[in-house]
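You will see two complexes here that share subunit A, one where it goes with subunit B and one where it goes with subunit C.
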Partner chain A sequence: MTKKKKVPWFWTWVIGSVVFRLILLYFPKNLNLSSRPEVSTPLTSIRRLAEGYWLKQSSVSPYAGSMYHGSPLLLTLLGPLTVKRIEGQPDHLLCGLVFVIADVVSAMLICAAGEKLQVAYSSSLQLLGLRDLSENSERLPSGDFAALVYLWNPFTIVACVGLSTSAIENLMVVLSLYGACSRLAPLAAFGWVMATHLSLYPAILIIPVILLLGYGPDAPPRKLFCQKNRLEVGNSSSSDSYSEEKAKNQLKVANVFSWRPVVSFLLWTLLWSSYILVLCSIYVQQYGGLQELFKRTYGFILTIQDLSPNIGVLWYFFAEVFDFFRNFFLIVFHGNILLMLAPLALRLNHRPCFLAFVYIAISSMLKSYPSVGDSALYLGLLGLFAYELKDMQFSFFLLSGYVGVSLLSPVMHNLWIWRGTGNANFYFATAITYACFQVRYLYSF
Partner chain B sequence: MGANENSSAKPRVRPIVRLGIFLISHSNIVSLVCFLAGVVALLLLPVLAKNTYISENALMPGSANNMLSTHHVSDANKFIKDLTDLEFTSMASPIESQKLIARYMSALDAEVTFHKFYPQFSQFHPLHFFTSPDSGIISKNGTCSSFGVNTIGIIRAPRGDGKEAIVLVTPYNPSKVGLGEAVSLGIAYSVFLLLSRVTWLAKDIIWLVADSQYGEYSSVAAWLREYQAPVFHKVDVVTSEACNESSSFNELGQGLYLDGKLSGDFRRAGTMAAALVIKVVDQGNQYEDSLNIYAEASNGQMPNLDLINIVNYMAVHKQGLRIKVKKMWSLIDSWWLNTLGVIFESLGKVARSLNPQLKFGIPASDYVEGAATLASSLYYQGLGVPTGPHGAFRDYQVDAITLEISPKVSLTKLNRRNEFMLRGGRLIEGVIRSINNLLEKFHQSFFLYLLTSPGKFVSVGVYMIPFALLVAPLPIVAAYLHANGSNSTPQNPSSSLEVDGSHKSWEWLNSARKVLVIHLWGVFVSLLPFFLRQVPNTTLTMNFVLWGFLSIFSLLILYLTLDCPIFKASASQLEKNKWTSLKSVTISTAFIGLSLMSVINFATAEIGALLIVPICLLARPLKLDIQARSWRTLLRASCNIVLGFVVFSPVSFVLLKGAFEDFYGINVGDYWKWVESLWAWNSATYLYIGVVHLPCWALCIHILFHPC
Partner chain C sequence: MQPMALPPKATFPLSLLLLLPLLLLSLVLATSTQQEEFSEELLLKPLPDRKILAHFHFQNEAPLDADSFARHHHLFPKSISQLVQKFHIKAMELSFTQGRWNYERWGGFDPISSHNAKPPGVELWAVFDVPPHQVDASWKNLTHSLSGLFCASINFLESSTTYSAPEWTFQSALGSLRYGTLPREAVCTENLTPWLKLLPCRDKAGLSSLMDRPSIYRSFYHSQQLHLTMSSAASDGSRSGIILQQTLTVVLQPDDQNADMNHVSKAKVQPSWSLSSIFGRKISGRCVLAKLSNVYLHADRGLVAQLENLHKNTTQFANNDTGPEDYRVNSGFKLSVTPKRMHTELGKGSSILYEYPIKDYKDTEQFDLGLSWEHPIVWSSPHAPFYASRFLMGSGNERGAIAISLKSTEMTQGLVTNNIEERCKLQVNVLQVVPWYVKVYYHTLQLLVDERPRVLTDFVERMRVLPSEDKVSPGMMELVLQFPCEMKSAVLSIEFDKGFLHIDEYPPDANQGFDIPSAIISFPDLNAGLQFYDKSQSKSPLLSKLQEKSPVLSYTEVLLVPLTTPDFSMPYNVITITCTVFALYFGSLLNVLRRRVGEEERLLKNKDASKAVFLRRILNKLSAKLRGRPLESTSSPSSSSSSSSSSSFVSPKLILRVLLVAGIAIAWQYYSQ
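Coming up: the complex of A and B.
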């Protein structure tokens, strides 16, 4: 590993973000963030989780009454913390601490993954003989940068202070990406299985994770290597055959899809998922078993039963749609995500990390209950590609858009719910603007 | 990026993109035209006002005959007499008059309750308008000695299911009952008397006699809070044993408990359809009986226009009252407005001679009156401070207005008073009868409007146009500056090593950081008064000076820290030329702030746009302008200096105040007082001034003195 070059004052910024979160956690009454529709969806709301835990404590199925739709594992982890109170402190302080820790850990993982990417990138550039370019890219500590972006992103902060469980989902996604980047198949498998278990949509990340394990982290397109290879063969008539042979071998390494980590990843995935299923089935044994669990969690996600407003666009659409078209459109909307998987995977197969980022962005846009926590994740991962970002057009326009929409959305909600002078269309308008900005943002790559 | 794209890929550019590029590349002319058009459109608003009409068919105002008779009025007179006599005979305690009112109410078979409350003094909830009205406002400063008692009477509707109610509010001060207040109570009593007998009532009637010792608003607000959002685990600051006064509150009901109609607990009727606050002002030197309507609630919210329409219709067509809304009197005599009126009148004549179908143009006097009313409507909506106790209702989505009735001659003449009360009572009766027909809430007519006279309004669709025209140049100029800035700067290879500010498309990030810091400073400045108020024994002027001093001090500290290497990303040479990118970021934040404010409180955004947009568009380093030494640049520089001075909010406050009232006796303490009233009422305007207006002004000044 090369010498680390940190962003100046990196740790100060990290500690600063933690302190800032703690200060905000201490005044939750004034902010009331955990009841904002932008922050807590039916899946991630801490209040619903507390309700589920309460039901469980009183020997009722936690899924009774369509209140809780998350994982039973979260219930065992966070449930006791929702009940425990410290005298004179805000209600969910302990839970808040868990989310703060989750945020910091995911930032650290992003940072580490960034370093891994950096090393891989510069070594592959060196192979290609573009030394000055690689030097240039080495100077950009994109991992640190991404970690700081993740920690100081207002969306992340709001999601954390609003006690949305998306912090933990994000942690799992980042964990699997990190595991894949550093070729730790068990870790990657654990992250992927947990993320899928918690919110289902990260299931599509299996493609980039396998590619990461197979090909290694992001590199320039393989075509370039071939070209380089051919050029060298052409020029090498005068040079000795040994060095030519070596270069060829090196280049081949970049090309080969190594099956071993992938197989071990799949095996570990099988192991972890069966483990989690067993744990869950023990937990919900008395309340209808696994079938009920799947119906209440994944079924709830896929059939979009809760149409309370959020920052996505599906709630409005399904509130309007005729009942007999409902199934059709459910298939269309979810097929939409799946449809994009294959072309993107073919196009970006040499850069699995970036592919993962694109997948996350797409699913956070099209998922059934999106919240700002999801955008926090992809905006944080964005920092990993700081080098590519330098050429981004419309960056200023996009940032203004994000700022404007995120401020406008609570105001429109207020206008609709509390003042009664607006209506659902006002809020939906901001949601659709937000979606447009996201599309524009993805498109700009 | 505009020009390049245009030339390189001409055949492929779509028309809409081409239009955008055209607008951006001609931003100077476009912004000038848009701004002027915006001002003209604003001045045209009184001409474009439409006549009001009753939109909800179910209301049917004035379709029934009045049932209120002289008989009711004479009963009410007896009530007034008892009330005023009480004032003269027993000076013992204000409780007596409340007892008397309760006795009268219960004699009409109404349910009577008392509601005890501790008045809440001004508190600072900067984000109050974001949250639900009931989010944890618990009074902590209530003391034993200060509490008020509201008396509430409820008539259950014979035809209703008890799910809807209409509220009558009469504020009065039990320790000093004036004749005007007594007559307003009398009018309400006569209506209440009538309504307790009628068969057509479909909604419950709540008569709230609000104890206005601690302000009319706070008593009504306290009652509404209890009605709509009861606190179950109340931390009772004042336990009943600790206070002697509480025992007198308990004694209140003693006489009435025997009847069984007074209930100790809080009574409710259904959801409120509408509320009318009745006030009588004993001025006594009017041309005729007149009715003032106050409608502005907090943050420029207005009741549904239908409510005003009904009152207007009943007052004008049935009772022959002269109806008025607030005006800016100083505007009526101003020569420029009169000239404008004449110009618009002649324009209208020309238009009509061309095409008789065109209904453009109104008489000059109408124009001036309309403009004065519109100005006051804008001002009071923009202030965000409710103009009466009706404001408390709007926080719970109940439409409410205050009716202030003033008689022609003094109320002491009994004969004249009877007639006056009959008129007032019939007005209230008609309005209630009309609201009684309502099926749901008021929803048919407008919520967002400006009044230009009691019978004319400008709806949101029309008044958005001037604002949109005023604000439209901002994004265009921002895009122009941004595109220009990122094209023209020389690529310096040494600068590309930074973390973020490296590439040309990210160069704006440094300016964005500066803008962010200044806006954070704005937040800090707007939080300062909260702490300054804790300092005891200070005068208004001293507070203001302290505030200004602390703000400047913190700004200096920020400047110093900004210069140190943590914040500064080593691009000092390039930074010098960066005023364009700074300006573009400033302008776009101003745009975001203004559009946000236009949703929260339109009037503030309109006034704010008039003030801040010119300087945002014109700002340019003075050094450049002076170096150029042509008459155009010098003119621009002087314009900038003048604007920079005028837009500074205390200065603009003093100037506006001087223009509309007079300069005599203005001191800086007034500004503090004005600001204090804003934040005491949780007005979003305060936040706007602190977080958007002030930072934008500071950034514009920074650009003016930019070293380039």
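Coming up: the complex of A and C.
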């Protein structure tokens, strides 16, 4: 049942993507990707990170001024790499290598999570008594498929070559999901804590992660089990009691919410977060402590102070909205993310992985500084649910929409910023269209 | 009530009349110990490019008393002394400037260019004598007071995004100095009139009567300044008085008078001028309140050297000796009035200062100094060691780079030849303040020395960086650089991203661009002061100012950075469209959630259409196996039972979910109210 059936040439494709990235990294001046608004937001820009590191080195707080808003841990990890040079190589090569590795690791994790999902799927099918179905139907290796989609997605490549730190955030999110899928509570906790620490929005993933740990990976709705159970009971009323017992036991196994991994997850979360907080407080001790850190990172994310253009719509909205409405709209927009959490969790609690995917898509659409790196993550995860892809309506329309927007947006940006002939509205229009497509995309599930 | 109030009213003037002599006496007694002094001086200087520099210098001194709110001032402007008292100002300088000082032609290595060449617009710095946490508050109050006093928008300097606290460029006043500029400020007569009001004679008498508005504002460069310092008593160093220096520096182009009197018919001869020809007026007597009233004519080192050369070459030329002693100099030009005294600078090839006290001229006799050139003379003013200029690099509205270039002048070559034995180093201080919307990446600071990229740490001795904070504070960079004297050129460049502002933060003419204030380049090792021989007898404030030891200072150009603008016309459209997108998201997601609940059965059926077929087949098989015979009829009741069971299963949940959504909606409604 669990035989490894890889997509043909899987490893070739993986290596190919790495080589492709390296070739792109070797281009001089990094193709100017690292300063593209689509790639580097104020949170993920490598230049800002380098500035923060430089400030730190010249014994000024890295959060002095409003340049750097990322995590101090990222600063210690990537900071030295922004300064190190190898003779005769591009300046950013070392950083680039880190991001390439992060990408490949997250792809591998997606692949592994996909396998876990597949196993769970077939076992649940078995439980339903559809052994024949699971054996007969041609199984697409969705994990491999998703990993390749993630690796070869132009958005991922652009984000990686543009040295956006979103690659590392994505890695942490995927790590958390993988940990939850394979019921490794410490790993899931670590991934979740790190992802939350890095970009705050993955905090909402705690719900799917707990569900994953509690119920196990995606399964058909429990109603189906009930249904099947009744059927079986109804059908096998005359049969021997053994099979009935067995079915009931199986049902119990499938339905029970196991508290032990969840509790251990929460404990580990506590542990990891206190660990990270201690590390951070050591780092920012001389510069105003944790309060300053939170103000500069989470506060910056939540209050949307930087109005430089990105692929989202909020920057232009907050550049134009009247000041006295600002706070109201900040609450509304962030409330929008939180509002949908509970209904979606109720609706999709039998499929926590899919729930996580929907959450990621929502947050990457509504977050304050979205970049293509965020889209890359949910488009990659989409591959895990290849079955839903089959049912998806308007898939061609959506695909062409994505392609169109990602081609038009740089053109409009160029017209507005560089030529001075266009207007901010043109660029904003592409951002709006992008948001619409994302909505449509979400809606189509 | 009215009749009751009459007797005191009637008696008050009487008593006042009685007391008046007493009061006056007491005042005289009080002021006899510490005199208020006022002096007015004018320095004229021919510039190499056929222009004239006129530098008015008014100095007002007043003793400082503890209770000077109640004090009466004879000469000193009360508003200024109140300002000093109220805000505890230790030193202050306010300048209004129009035009740019041309360092290349008008010189950069003399006291006037170091003190009076200012960046365009308004520049203000002040040192306060208050605890550090009150400095900002004092600064804000001061800007408002000055704004009212000078009819200028100095109050814009109140915002913390416009001022900074440099430490090395000006006096070393730790933490209590604030510096701000407004490059866009237009300077006009409405700023000059309140400035003149501070003078005891205003512009009614004395040297200030020369200030004919049209000729002053026609000038190439015009800078009016107010400089406040505390004079300290020699014994204990405590503050004993306020010194207010008001200066007006004007660079004018005289009308060419050579055309009609062309006995030397050469176009190259500098234009001759007189006070009446450049100002349109003559000095008709001094301000009687002034202790000192002098006019000086300054011939700088380059000019004197050329005159000496000229004299050597043309010894046969008949010199008409108008000057009292120095015939050499006057072989080049002729002065209409004989100078009373002459000050010569120490050393060889030194500058000469002619002095004309106005006191000597009666009211009937008007003083009109004129200078007519007899020979074409080409000279150059002394330069600072480096010409500093600044420019923007890059295109587009996303990012760019600021470059400050320093080019060595003949002055540094002189330094090299002087100290050939030891390794000569020249210290250069750079102060660069950038507004917050120019987001400077300080780690991209690069230094090119003699057109080769060099490691920054080899040249930077100290560095102080205060990065800008959005909408809170400007970025400031102070550098102390040590350059070898033989260096030809150096370029400092630093990259920046252009910020995006809120729609309200753009000025009305947003597409004109935003100004980056001038960078200040100073050479603290060099002394801009001039040393004259007769120090003892001259008590002139202007002369002592010229002789004051001070670093050489120069300002770079103001940069104009175009920033991207959003669309100003349609904020409502943006708001409504964005909200529509969010509504679309919210509505459609809600719809999906709700509809799935409602269509549970059909959806389940759809979803498991394939599975159901299998299910049925398997069930059939199963039952067939169990019962040993094929039975089709079982499938229909089973499916019906399943559907009924699922529908009955769903309905309470459906209600629950609808309730939940309604609850959320109510909560939302309540909240948004």
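The rule is simple: the second predicted complex is superposed on the first by the 435 of 445 C-alpha atoms of A that agree within 3 Å, B and C clash if a C-alpha of one lies under 4 Å from a C-alpha of the other, contacts with A are read in each partner's own complex, and residues count from 1 in each chain.
Methods note: a residue touches a chain if its C-beta (ideal position, glycine included) is under 8 Å from a C-beta of that chain, and two chains touch if they have at least 3 such contacts.
As the structure is a computational prediction, the values presented were derived from the model and not from experiment.
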item	value
Contacts of A:W9 with subunit B and subunit C, given as first, second, both or neither	first
Which superposed partner A:T76 touches (first subunit B, second subunit C, both, neither)	neither
Partner chain(s) touched by A:S274 [first = subunit B, second = subunit C, both, neither]	neither
Subunit B versus subunit C as contact partner of A:S258, first or second or both or neither	neither
Subunit B versus subunit C as contact partner of A:G404, first or second or both or neither	first
First (subunit B), second (subunit C), both or neither touched by A:M412	first
Touched partner set for A:F396, first subunit B, second subunit C, both or neither	first
Residues of subunit A touched, compared between subunit B and subunit C (which is higher)	C
Touched partner set for A:Q285, first subunit B, second subunit C, both or neither	neither
Subunit B versus subunit C as contact partner of A:N327, first or second or both or neither	neither
Subunit A residues contacted in one complex by subunit B, in the other by subunit C	391, 418, 420
In the complex, subunit A residues that touch subunit B	7-9, 29-30, 32, 136, 139-141, 145, 386, 389-393, 395-397, 399-400, 403-404, 407-408, 410-412, 414-415, 418-421
Partner subunit A, residues of subunit B touching it in the complex	1, 127, 129-133, 135-136, 301, 397, 447-448, 479, 482, 496-497, 499-500, 502-503, 505-506, 508, 512, 565-566, 584-585, 588, 592, 595-596, 599-600
Residues of subunit C that touch subunit A when the two form their complex	395-399, 436, 439, 441-443, 463, 465-471, 475, 497, 499-504, 564-567, 570-571, 574-575, 577-578, 581-582, 584-586, 588-593, 596-597, 604, 607-608, 611, 614-615, 618-619, 622-623, 626, 634, 638, 641-642, 645-646, 649, 657, 660-661, 664, 668, 672
Contacting residues of subunit A [partner subunit C, same complex]	35, 47, 50-51, 53-55, 58, 60, 64-67, 129-130, 132-133, 221, 223-224, 226-228, 230-231, 234-236, 238-239, 305-309, 313-323, 332-333, 336, 339-340, 342-344, 346-347, 365-366, 391, 416-418, 420, 423-425, 428, 432, 435-436, 439-440, 442-443, 445
